[in-house]
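Could you have a look at this structure, given as structure tokens, before my questions?
Labels A, B, C and D are assigned to the chains in the order they are written; within every chain, residues are numbered from 1.
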Amino acid sequence: MRELIAERAAKELAPYSIINLGIGIPTLVADYIDDDLHILHTENGMLGVTSVDEEHIDPLVVNAGKLPVGEAIAASYFSSADSFAMIRGGHIDVAILGALQIDSSGKIANWAIPGRDIIGVGGAMDLLEGAKKIIITTSHTSNDGSPKIVDKCTFPITSQRVAEIIITELAVFNWKGGRYELTELMGDATLEEVKSKTTANYSINEGLLLEGEKV
Amino acid sequence: MRELIAERAAKELAPYSIINLGIGIPTLVADYIDDDLHILHTENGMLGVTSVDEEHIDPLVVNAGKLPVGEAIAASYFSSADSFAMIRGGHIDVAILGALQIDSSGKIANWAIPGRDIIGVGGAMDLLEGAKKIIITTSHTSNDGSPKIVDKCTFPITSQRVAEIIITELAVFNWKGGRYELTELMGDATLEEVKSKTTANYSINEGLLLEGEKV
Amino acid sequence: MSLNKQTTIPAALENIKSGQTIMVGGFGLIGSPLSIIHYLTEHDVSELTVISNNVGEKGEGLGLLLRQGKLKKAIGSYFTSNRDVAKYYNEGKLELELLPQGTLAEAIRAGGAGIGGFYTKTAVGTDLAIGKEVKEIDGEKYLLQKGLKADVAIIKAWKADPLGNLVYYKTAQNFNPNMATAASYVIAEVDEIVELGELLPDEIITPHLYVDAIVKSEWILTKDGVKTK
Amino acid sequence: MSLNKQTTIPAALENIKSGQTIMVGGFGLIGSPLSIIHYLTEHDVSELTVISNNVGEKGEGLGLLLRQGKLKKAIGSYFTSNRDVAKYYNEGKLELELLPQGTLAEAIRAGGAGIGGFYTKTAVGTDLAIGKEVKEIDGEKYLLQKGLKADVAIIKAWKADPLGNLVYYKTAQNFNPNMATAASYVIAEVDEIVELGELLPDEIITPHLYVDAIVKSEWILTKDGVKTK
């Protein structure tokens, strides 16, 4: 399921875009992109991240999830301040991030859970604020089955900024005209299944509707 | 006269201090310092400035006055933003600057002349604000003979910050207890001569007074 | 990586249009994109606002564009060395915005780094503080300076790889790396284009994500002034 | 230049006193001054405020000082990975100040660059904006963040020359160059000290004027965790 989402997310990436991958499903996207066409940025201070073989692991070359990575050709390293200057300054084309909740207004909650201590935010707020385009990759529902795409986030939001695309194992949503539009069903998912597991307000792309359902 | 002032200013520099030299007399100070003991910074982006022979001039290696300079051992280059971060952030030990006027309150005017177009400031305000210590090197009077060390600057001031030391061809003043103290007479200068050419309020160091003049 | 950002100066200049704000690297003529400026003299454009430490020198560098009447406004720190600037300013042909050099450099960095504005102590209580917001932080007074951005930046670097990674030459670096971050379209004039991978990860000053076009220099600053290569 | 800033870790630690604010480089343990921290476990000091992206890891790096009760407060962006932090926080034994990672990095740079504060869009309208000043600049909302400074910074670099010029190793760079600028006393732990002149002017990341003391590393991060060299 996670692989399916990651593979689908990779298809959204324009050639030569500069991409930052969050922790979790987003990290898997690296397995589906063409190293010759896409450039990965990691906020701990590297542009040109690639995968690394077990035998070439350098404990001092890691991504933002502290996982070992490799160095692509023409890569560069820089300080944390310079790295976030890139992010906040709008120089990252796409950030692919996970989410705890996404709501009808396009807002994302992905850094804190009510009732638990709020003791970590990392680069989540900077990325959500600064990247030119946000793709959210997430399971459609929480472990307990409750919807993650909801009418209004009950978890603390990460930014006032809208996420352009949501990709789950059931559906792809695109932000359009002030709301999400369901543009694609993943695998065997049906409109009914998506509807039953989504409490957010969303429209359905005409192409997905049967003739009689169109308005 | 200019050389005399520059040579005297060089004596104020503690070993291993980081020094920025302004345009004019301050530039001459470079001729009197020990390259092995003092480190010159120039705000256009270099630490470790040294002199250069005619035959080794590189038109792209210059100081803030756009004059050719050389590269000392262990020198480094950096951007304008990084260079002024050093200045504004308090990482330059001493700035030696010229002045049009210095007044009783320790304020300096060295960037604009009333009646003329105000079209240049360069790094003067940053240096005066950020350097840990300011040494002003200047002729004691203007070309027309009028005092430059005055009661109140009539030219636009460069900063609210006080300059610690003034060195002219006649005298050395040190800022002490809220006013300048004349601490040294240069060459054959007399207390009378300094008094006649200075309209600022200043005190005189006891060592310079004859027994009967002491308070 | 097969992307190659190298292009010709005329092709890159299609991105510069009348009325735009252009950042121009350099400290006087040192580290200034002299070849791009030369082609700009033949490019049909006017009413430009330039953000640059100086307006070149008299009749050289940006000073050429001033004499052609292509500049509407200049934002910089030191216009004194090009005497034409005072003349055009007094004749009402050029607007000026004067900033302390450190404030100018920091404002450009801020513009590129997504910083809306910052507080500096530089110029507090001087004539350059007139009309600016003052704020007290931890008992000290600071001036607000907004970040600066541009439509296009034309900068000078030493070497580039085809992807647009840049390194600079000694004090010809100056404002160039900061300006590379602060414009929608960045044209880097370079003396040398090297193979991909030849610039080492540790020596790259401007990572390629900041650069849109790379052009080869044709005019350079020598001991004897500006010459064709 | 005969100045040599190399010293021993215990001698450098004489500059760290109880109640001070200390910046500590590193992203987790990567690029963290592990040897200095090790010696700090034996240094009589308490009530420290640390500014660091994390509080090391559980029982490692800065996490060692937390367990010794030497920390009063931590200012950082991500304390989640060291589970001890939540425990000490809940027991009232540790104060926390959480900042977005980019705001933290920029605040440290600002502190070192004489910038009193800056406006960032990051965190506007979130819980981390509570109690912070909001300002509208050119129609967009920004949050004010003050610059951060420290009494002492302990950082990790790769190589130093005796004068204190520093270069960093790949992603072990992270917060280190920024922290080098923002403290009254800067101690750089390095893996190698080279001859003066061996670090080239173009490769130096931290010019020597920022560095007060250089010490050799004794503990380093390996594939198998923190080990003595």
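Quick note on the criterion: a contact is a pair of C-beta atoms (placed from the backbone, for glycine too) under 8 Å apart; a residue touches a chain by one contact, two chains touch by 3 or more.
From a predicted model like this one, the values you see are computed outputs, not experimental measurements.
Asks: Please identify each chain that touches chain B as well as chain C.
Replies: Chains that touch both chain B and chain C, as defined above, are D.
Asks: For the pairs B-D and A-D, output the one whose chains share more C-beta pairs in contact.
Replies: Of the two interfaces, B-D and A-D, more C-beta pairs touch across A-D.
Asks: Any idea how many Å lie between the Cα centroids of chain C and chain D?
Replies: 33
Asks: So the centre of each chain is just the mean of its C-alpha atoms; given that, what is the distance between chain A and chain C in Å?
Replies: 35
Asks: Using mean CA coordinates as chain centres, what's the gap between chain A and chain D in Å?
Replies: Those two chain centres are 30 Å apart.
Asks: Taking each residue of chain B in turn, which ones touch at least two of the other chains?
Replies: 71, 77-78, 84-85, 87-88, 129-130
Asks: Enumerate the residues of chain C that touch no fewer than two other chains.
Replies: Chain C, residues with two or more chain partners: 106, 109, 113-115, 120-122, 170, 201-202.
Asks: Mind listing each pair of touching chains for me?
Replies: Once each pair is checked, the touching ones are A-C, A-D, B-C, B-D, C-D.
Asks: Would you mind writing out the residues of chain C in touch with chain A in their complex?
Replies: Going through chain C, the ones touching chain A are 1-3, 109, 111-115, 161, 163, 165, 181-182, 196-197, 199, 201-202, 204, 207-210.
Asks: Note which residues of chain A are touching chain D in the complex, please.
Replies: Residue positions touching the partner: 42-46, 57-62, 66, 71, 77-81, 83-85, 87-88, 112, 117-126, 129-130, 156-160.
Asks: Which residues, counting only chain A, touch chain C once they are in their complex?
Replies: 15-16, 18, 36, 39, 41, 47-48, 71-78, 84-92, 129-130
Asks: Show me the residue ranges of chain C that touch chain B in the complex, using the header's touch definition.
Replies: Contacts found on chain C: 27-28, 30-31, 53, 77-81, 85-86, 89-90, 96, 98-106, 108-109, 120-128, 168-178, 205, 221-223.
Asks: Can you name the residues of chain D that touch chain C in the complex?
Replies: 106, 110, 113-122, 135, 137-138, 140, 142, 146, 167, 170, 201-203
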